[in-house]
Amino acid sequence: MKEVFVHPTAVVDEGASIGEGSKIWHFAHVRGGAKVGKNAIVGKSSYIDTGVELGNNVKVQNLVSIYNGVKIGNDVFVGPHVAFTNDLHPRAAGEWQISPTIVEDGASIGANATIVCGTTLGNHCLIAAGSVVIRSVPAHALVAGNPATIKGWVCKCARKIAGRDLPSGTHEIKCSHCHTINVFEVP
Amino acid sequence: MKEVFVHPTAVVDEGASIGEGSKIWHFAHVRGGAKVGKNAIVGKSSYIDTGVELGNNVKVQNLVSIYNGVKIGNDVFVGPHVAFTNDLHPRAAGEWQISPTIVEDGASIGANATIVCGTTLGNHCLIAAGSVVIRSVPAHALVAGNPATIKGWVCKCARKIAGRDLPSGTHEIKCSHCHTINVFEVP
Amino acid sequence: MKEVFVHPTAVVDEGASIGEGSKIWHFAHVRGGAKVGKNAIVGKSSYIDTGVELGNNVKVQNLVSIYNGVKIGNDVFVGPHVAFTNDLHPRAAGEWQISPTIVEDGASIGANATIVCGTTLGNHCLIAAGSVVIRSVPAHALVAGNPATIKGWVCKCARKIAGRDLPSGTHEIKCSHCHTINVFEVP
């Protein structure tokens, strides 16, 4: 069984669950009640809140905050400085109400993106760097901007590809880079 | 009297003033000459520069930088990854000239917002996540975007509410969520 | 010879090169193979990856990530929370392909800007706070927005100045603040 690596400067609280082969880097903090899958990475100075679930092979880069209410699937890339949220009406005073956020398998979130809670980021979507996501993102969609809007569709290898609608209400993109044929539903 | 809590990994420099009941979390740095009010929170890896004032019950989330020249009132929420600035013409070489920034009581700043200096954020305003604030924000305004512009008006509980102008040059919103009646000046 | 200062909480890996007079602040991490010039500053919680080069007198503020493939000249200001990237097609699985990024002498990058890789930021350009840079930026240009676009031209002292085209295909701005005459090529 592969060991878990926790850098000496990182803080992993009692009650955190970290899968085999995962690495927690410098000055990161994983709170009790967080679940990190196998072969995952939590980058420098990042924060994994209680209640958060990260799947297998997830890469969380530097300086990321993931809050209670966020569930992340397998093979997800979370770029540096990405900020999740968990309350649509934040105030210093008063109660706190969590709106859940889901990131599906294979999704990628570019550097410094902001993910407003209550959204679902579909499988293999690509959130461009600096995006402010305020609505759910369909599978394989490329979104960018503030607020983020759909700019096209991407392959599993993250290349943007022009595709075609199929009669069945799905969309097909054939990737000229990795030769994968992706078929997925479009909203 | 409630004690001050400073996590063992945080750095609080000599000459910093921290009010009773406040908590300074992991890897945060509060510099000498900073003033933090009572029952305030400074989140993981955040930075409170010399000369900064934070009021009572302020919540500063993770990975926030607040620079000399910024004064923050009571009951303010500063979301994760928020970046303040203090010089309108930054260069590595040459002198540094501070433009002051004021955040009034009850304001909320969403995750990953950028606050350009020389601005005032009015009481109970709501800066949406990912906003880039380059102009002052009126009391109770909801702003969003890059650059941030006014999208509506919010209650003290942060819900967006359609309101009505009063003859006296003020604006009134009655909140259907918390039943507060907010009356405030509009610019 | 001026000494190098490394705060006790910072991590500088073996094989990192740091020039005389430079300062590495709290909770920063400089990796082996990184080259930092003379009289440079690496701010709190920032990250300098292997392969990165920083010139002399560079100021990297708090909570910045600079990745392998980025080369930064002399006298460059990198504001707080700035995120660089190094792969245009990030996925958790599969290979990693670096697109190089160059920041030329005297450039300034405002707080919380995102720099997409494969770009060149020209000498003395000014990237406004919160910008998302997806294309190369000419020398002396002021860019802002998401995506960042050219808003005007700035002096070496970072003031925005109306200028005039010269017959030779260059542009001239005379600064009313510092009285410098800047002549540079326009694309």
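Going in written order, the chains are labelled A, B and C, and every chain counts its residues from 1.
FYI, a contact is a pair of C-beta atoms (placed from the backbone, for glycine too) under 8 Å apart; a residue touches a chain by one contact, two chains touch by 3 or more.
Being a predicted model, the structure only gives us computed values, none of them experimental.
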Fitted rotation between subunit A and its twin subunit C in degrees, CA, nearest 5: 120
Numbering shared by both copies at the subunit C-subunit B contact, with half separating same from different: different
Centroid distance [mean C-alpha coordinates] between subunit C and subunit B, Å: 27
Contacts with 2+ other chains: residues of subunit B: 27, 45, 63, 81, 112, 132, 146
Footprint of subunit A on subunit C - complex, ascending: 11, 27, 29, 45, 47, 63, 65, 67, 81, 83-85, 89-94, 112, 114, 116, 132, 134, 146-147
Subunit B to subunit A touching residues, read off their complex: 9, 26-27, 44-45, 57-59, 61-63, 75-77, 79-81, 106, 108, 110-112, 129-130, 132, 144-146, 156-159
